[in-house]
Every structure is written in C-alpha cells, then in structure tokens.
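A short worksheet on the structure shown next.
Each chain carries a letter (A, B and C) given by its place in the written order, and its residues are counted from 1.
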Amino acid sequence: MPINRRKFIDALLSLGGLGGLVAIVYPAFSFLKPPKSAEGTVNSVKAGIASEFPANSSKIIKFGRKPVILIKIENNEFRAFSATCTHLDCIVQYRTDTKQITCACHNGIYDLKGRNVSGPPPRPLDEYSVKVVQDEIIITTETG
Amino acid sequence: MLKNSFSKIESWLDERYNLNPVRNLLYHKKVPTHKHSFWYYMGGITLFLFCVQVLTGIMLLIYYKPGEDSAYESVRFIVTEVRFGWLIRNVHSWSANLMIFFAFVHMFSAFFTKAFKKPRELTWVTGFILLLLAMAFGFSGYLLPWNELAFFATKVGTDIVGVLPFIGEDLREILRGSEDVTGATLTRFFGIHVAVLPLIFNVFLIIHLLFVQRQGMHEPEHFQKLSEEKKKFIPFFPNFALRDALLWLIVFNILIFLALFFPWDLGLKADPFTPAPQGIKPEWYFMFMFQTLKYIPSHILFIEGEVLGIFIFFIAGLIWMLVPFIKFKERAKAKIQPLTLIGILIVAFIVLMTILTYLGL
Amino acid sequence: MSKFNFDTSTFNLTLVIIYLMINSQTLLAQQTSHTMENDQCYTCHKEIEILPKGFLEYDIHMQEGLSCAGCHGGDSKVEDEEIAMSKQKGFIGVPSKEQIPQFCGKCHSNIEFMRTYQPRISTDQVKQYYQSVHGELLVKGDNKVADCTSCHTAHGIISSKDPRSTVYSLNVPQTCRKCHSNSIYMRGYDIPTDQYEIYSLSVHGKALLELKDIGAPTCNDCHGNHGATPPGIASVTHLCGSCHLNNLELFRQTRMAKKFEELGLHGCEQCHGYHSVQKAMDDFVGTKQTSFCITCHEEGDKGYETAKNISYYIKDLVNLYDSANTKMLNVKIKGMNDIDIGFLLQEGRQKLIESRTLVHTFDANRVNEKTKEGGKIIKEGIALADKEVDEFYSRRNGFAIATVVFLFLAVALFLKIKDIELKKKL
C-alpha cells in the first residue's frame, strides 16, 4: 500500500508540476510573441496599395489616435492631411465634384494643399507626407 | 535510467569541481524546528518574489520604451496589445509590493527572535541595506509608466530631498536630471531601476545568502537552552526545501490571484502642466514617513520641520542598521526586554502612521 | 471677407516678419543709409531735430526709397532750404485734414504708379473712403472723423501684414477704439462707445485678443475698412454667412427667415447679437429662461413645441455623449484599448455638431434625424467601452484556471512532504 500511495502522490506531483509549468510557459511564450499591431506611438502608417487607389478619391486612415485623410488627386499624386477640421472637431471629406476638402458641419472648405479657403476654419489642415514605396502607400508625420 | 545519467553527470562534475561543499549543504544542513520556526520561511519568500521580479522585469523590458513620449504609450501597448502583457505587468507590480512586505516581515522576525545578534551582525546590516535597495526599486519603478499619479508622487518624493541643508538642491537635481521632474528624470529612473539597482542589489544579496549559508540557521535562545536530545531538527534537503517550495507556491498563487482580481490601472498620461490631482500618495511602504513629516510642525526652534524629520529618520535608520553593535543591558526580571519593547514600539508606529494615512488624517 | 484666403500667406509672412524684426536693426540701418544718405530733407530735418511726430525710419515709403519730397513735394536734392521747399519745386508742406485723402490718393489711387510697387494692390481706397461714414462727414466739414493717418499713422506706416502695424488684424480693435471708445470724443455722434468692451467679451473677440487667432474677425472684417459703415439690416446676415455658410443657408430656407424679414428683425443678430456674439450654447434654444425662442413664442403655439423638442433632442445627445466620454476615460485609465471608442465618439460628436447647425432649420424632425444618427454611433461607442471594461475584469477568468493548477500542485506537494516525513518516522 505505501508504495502505491507514494506512486500516486508522485503522479499527482508530476501532473501538477507539468500543469504549473504550462501555466507559466504559455503566457510567457505568448508574451514574447510580438503583437501584430503597431507599437506605442505611431510615426507612420501603411495605407494600402497605391495602384489600386482610384484617382480623384479619398480615404480616412487611422493614424494612431488621429484620423488622416488620404487623397489621390487627378494627376495621381497622393496628399495626406489631418482629417480633423480646424474649426470644431469634425472630420473633413474630399469632394470629388469640386475637388476640394470640405467639412460637413459648417461648410468649411480647404483646397488640395490643406489651406482654408472658405467658411469658418481659422487655420489650414496639418499636412502629412506620403511616400509610395514599392507600390505601398506610407503616410508619415512630416519632419523637415 | 534517469537516475543513472544523473549520477554519471554528478561524478563527472565531482571529479573536476569537488562537490562536497554542495553535498554538505544539501544533506547536512539542518533547520531547527520550534514554535517560531515559521519565520525562517520569510526570507525565502522574499527571495522567491525577487526572482519573480527579475523575470517579469526582463519581460517588460522587451516592450518598454523609456522617454516622455513613449513610456506611457509603451506601457499602454503592453497592457492592451501584448498577449498577457496585462498579467505580466500586474504580477510585476503586485510582486514588488509583496516582496517589500515580506522583507519587512523577515526583518522584524529576525529582530524579535534576536537573530541579528553576534555572530550575525553583518547578515543584519546587509539585509537592511537590501530592504533600502528594494524600496529604491519601488520608488524608481513607480515612475516608469509615466502616469499622472506616478509623476506627482515622484515630484513630491524628490522634493523632500531638496529641503536638506547644503546638498539638498544639488542632490535633487542629480536625482531628477533637471530642475523639475521631466523626461530626463524618467531616463535616469529607468537606468537606476534596470541597471544600477539590480547590480548593487545582487551583490548584497549574494553576500547576505553566503552569510546565511556559512553560519546556518539561527537558533533562538529558548531553543539553545534545550538539551541536545530535545533539540529537534529537520534536514534542509529535502524537507525544508520542499516546505519552502510549498510556501512559494502558495505565495505565487496569492500573487496570481491579486494580479487577476485586483488589476492595476494604467492611469492618465502625466502632463507636467496640469495641476496635481487629488490624492497623490506614495507607495504604502513610504507612507509612514510621509505621514510623520506631515505631523512635524513647519518650524522647530530654528530648524525647518521637514529637515528635522528627515534627519530623525536618517539617524533612526542608521541606529536600526547598527543595532547588532549596540549593547543593551538585559533585565533578567523584566517580562519584556527593552529591545523587544523598542521593536514593538517601532512596528506600532509604522502601522499606526500607515493606517492614519489611509484614513486620510 | 477674403481674409481667410490669405491665412497661409499671412502666417508665412508673419514668420518672415518676425525674422526681419530680429534682423531689423542691421537691415534697417543699411537700408536707410542707402536710400536716405543723399536726401537733403532728411539730413537737414534730422540735424535740427524737427522730424515729424511718430517718424519711423522703417516707414514703408522710406523703405521703398520715397523721400519726404515724395509726398510733401519740393526737391530733396537741393541743399538750400529756400529753394528746396519752394512752390516752384512743387512743395506742398503739411496738408490740411480735408486734403489728406487726396494727398495720399495722389499715388494710391493711381494704378499705373502703384503697380510698380505691388502688382496686385488695390487703388480704390480713396473712393471707398468717401463712401464711408468717415469720408462723408469729412466732406461735410467734420474735422473729428478718421482720415488715412488716423489709422495708418502719418510717418510710421507699415504694411498691414506686419504685426507692428496699427492696422494689423490683432491691432485693429485698439486702433478703432482710440476714437470709438472715447465717450467724450464721440459725443454728438449718437453711437455707442462700448463696442470694444462688448466685442472683447465675445467669442470672436476672445479668439482674436486672447488666443491671438488672426483667423478671427476683427472690426474691419464686418465693417469694412476704407469704406467703414455700419452694415445694414439685410447685410448683417450676409456678413455672418460669409463665414458661417451652412447656418445662413439653412436659415434662409426657413419660414422664420421670411417672418423675420416681414417683422424687420435681423437674421442672425436677433439671437446671437453682433458685437457681443457668444459661443453658441445649447440653452439658446428651448423653453428655459436662457432661450431666445421664448422671446416670441409662448406656451401653446407651434414654435414653442418645436423649440422644446429641438432642445430635448440635442440635450439628449449631449448627455449621451458625456456619459460615453466618461466611460471612455474609465477605459483609458484602466489601460484598455480606447482608440476605436475614440473614433466612434468623434464621429458621434460630429453628428452632434451637425445637429446643432440644423437648429437653424427650426425643424425638430430634421434635428431629430441627425441626433438619432449620432445617438446610434455613440451607443456603439458605449457598447464598446462597456465591452472593454468587462474584459478588464473578465480576462482574468480565463487565467483563473492557472490558480487551480497551482493549488493542485500545492496540495500534491503538501502530500509529498507528509509522505516523506511519515517515512522518516517509520
């Protein structure tokens, strides 16, 4: 009997030990595997395939915590601006008919360089720089 | 099979390195058993929690980015995006608190069982230094998430240094890395937390452990007085070690429980230009000092109250550290020895002051 | 109202000007010495220290190389005082107040001449001036009204884009105020003198004077500058609408706009005021004491109901938005993912702003449509926030099984210890 009892305890112990090991190793291993989303502060964002982006159209991109409007103008050039209207905090949109950036809330209008041309906005939109690397659109905060 | 290869490796090692000291340690070390032997485990628990700190700390280091613009964001990244990041951070925070708690318990148990007396004076001194280093760990680590509470707590904490005469201002600036708590402070605290303190801590820890191994477990007075036959021991290995392991497991489970059910908030990012929010408090193990400084009047004679308070704490700490070298007359008749009384008063003071803070007095 | 068109350029110019100001000492020293070294008017007048009051060496005319003689006539090359300032040399001397507009207009109304300095400069200032109240009164012989120099100064004229200029947009209120806030000076004109005080407390005034936002309208943006007149009843609405396009457009289409016209009420101004225009509050509409609706409408009429409904819809959305914001803050503090909640709330806020604009339709249904849209989005945000907070507490549950495993291990270890110790005893 004592032999069996000891064997039983040993089995319990190894089972528990194994379980404990898994309970530690599994989270540790998952922790080490880098998450897919971008780390901490965002300085650049990938915004899709350049050639698949139709000309004279726009898209709102989430640049970290800020919305950014990416526009492909008719000569296939990309422009990106902060999508937050400088009047109140509405999101601006690109109008394909007038080829302007407008804000629906109070009809603020910006030109395609982000300059406020009409309506209440007091300031131009902040510009982001857009690079196309191997047909991939990359938006970055403009530095110099 | 398994046992066979183990013994082969053992003999291979033995041939080259002479494993006798290790064997002596494992098979001949004995731990006395008596009514106070429970306290023997406190140091081990503290050590275990320190190991948890090292491991989780290294893990956090993989994603943490010091810096005014990235510290908070990277911690947010850890707790939101990284799988089990929230768990690792919670374990790291809770383990830090538990480690200091058990270090305090360990210290006072050594004090009340008079384990610090000859020949263990230096074990006591190194142990006390380890506690101070652990508190420094806590203080520097608290700032690293760069949230509002941490920012202002650090501001208040480092401000206290500034009131010291002559060197105060300089010392504060050295600590902060600039005149105020800024990104420079964060960089400094990060360096201190992950490089400077671990280095010093490990040196003292190794010395502390070597002393313990060299001298064996302390036997309290009443145990020493027993006749040899009545002295009961258990072997260190495997009995004591297994009990140690069991206790560690229990503490680890408590730790996981705390981390799961009492998660830490991330807080709001520190903004140096906002006024200090309500309820700025240092970590609980600094509370009794914080609270005492609050009670000292702003001026006593010609000395500033705060300076006096810091001076008193400094002297008290120094005496406490050197207590094994001070001769106390023992009164044979007294029920409570004066030294024990002092210890009780100190514990009572710390507990009372801490409670008062949390009552908001 | 073309003000906004110039914003980027104004901003850039400001930078340039700041740069120039820093370097102005050396730069100006060089320029004046270059342009004025052979100018006898300047040399002489400086020597005997009778340069005119407020004389600045960086006056724009002087910078462009125009001598004193350029305006005052005479010959600046002749050393002899008598000859230089003789009628034969075309010397005019100090113009009288009535002469001043023509005096400046000599050049400034001459497009051929002005073009050589600035190709796009307008040359209708004098014409406009005579149509302004100032100009009209001057013609009638009123010598107290503003002439060119009252605003531009006489001998220290700087470009209006220069922040040092008296007519730089941030400085305009101060310039107009010199006369218009002086109740003694303005006595007899029968117009108020508290416009500056009122304006400075308005949303526009605060933006301009406190935030130094040169995009905010200053005096001349509504009143015009050279043609300064009080805007007429009809034009007030147009004026506001030149910036607040949507609001005007929506208002115009309402029945209320027509009714206003019939009653001779001003459009925007009736509720928002003019100099005193305040940041629009949700309490402006509704049935409370603070509401403007109840000035005309009373309980029982249709308008009263509409006001009540509009106010209710908007307040409802505001409350929802506020509670969503509090929830998001909690998510943030908990260290959970708040990015998507933030985007949803921003979208919801946009709907709130749009519904506030729709107040100007005075159509409760249209407002309600918009607030419903906003409410839907914000509720999505709230649901997401609740989910995140839930997860903050529930993600532990998955791992709680680990504590069971550790407990199991601890029990096994405990049994093992007992077993070993039992064996020893045996």
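To be clear about the criterion, a contact is a pair of C-beta atoms (placed from the backbone, for glycine too) under 8 Å apart; a residue touches a chain by one contact, two chains touch by 3 or more.
Not measured: the values here are computed from a predicted model.
Taking the mean of all protein Cα atoms as the centre, the chain whose own Cα mean lies nearest is A. More C-beta pairs in contact connect the chains of B-C than those of the other pair, out of B-C and A-B. Among the remaining chains, C is positioned farthest from chain B, on the basis of C-alpha centroids. Centre-to-centre separation between chain A and chain C, using Cα means, comes to 33 Å.
Centre-to-centre spacing of chain B and chain C amounts to 58 Å, using the average Cα coordinate of each chain. Chain A and chain B have Cα centroids separated by 42 Å.
Within chain C, contacts with two or more other chains are made by residues 399, 402, 406, 409-410, 413, 416. With touch defined as above, residues shared between interfaces to two or more other chains in chain A number as follows: 20, 27.
Shown for chain B are the residues in touch with two or more other chains, namely 76, 81, 84, 87, 249. Residues 4-5, 7-8, 207, 213, 215-216, 243-247, 249, 339, 342-343, 346-347, 349-350, 353-354, 357, 399, 401-402, 405-406, 408-413, 415-416, 419, 423 of chain C touch chain A in their complex. Within the complex, the chain B residues that touch chain C are 75-76, 79-81, 84, 86-87, 234, 238-239, 242-243, 245-246, 249-250, 252-253, 256-257, 260-261, 263-268. Contact residues of chain A toward chain B in the complex are 20, 27-28, 30-35, 37, 39-41. For chain A in complex with chain C, the touching residues are 2, 5-6, 9-10, 12-13, 15-17, 19-20, 22-23, 27, 62, 64-65, 67, 88-91, 104-107, 113, 115-124. Interface of chain B with chain A (complex): residues 59, 62-63, 65, 69-70, 73-74, 76-77, 81-85, 87-88, 249.
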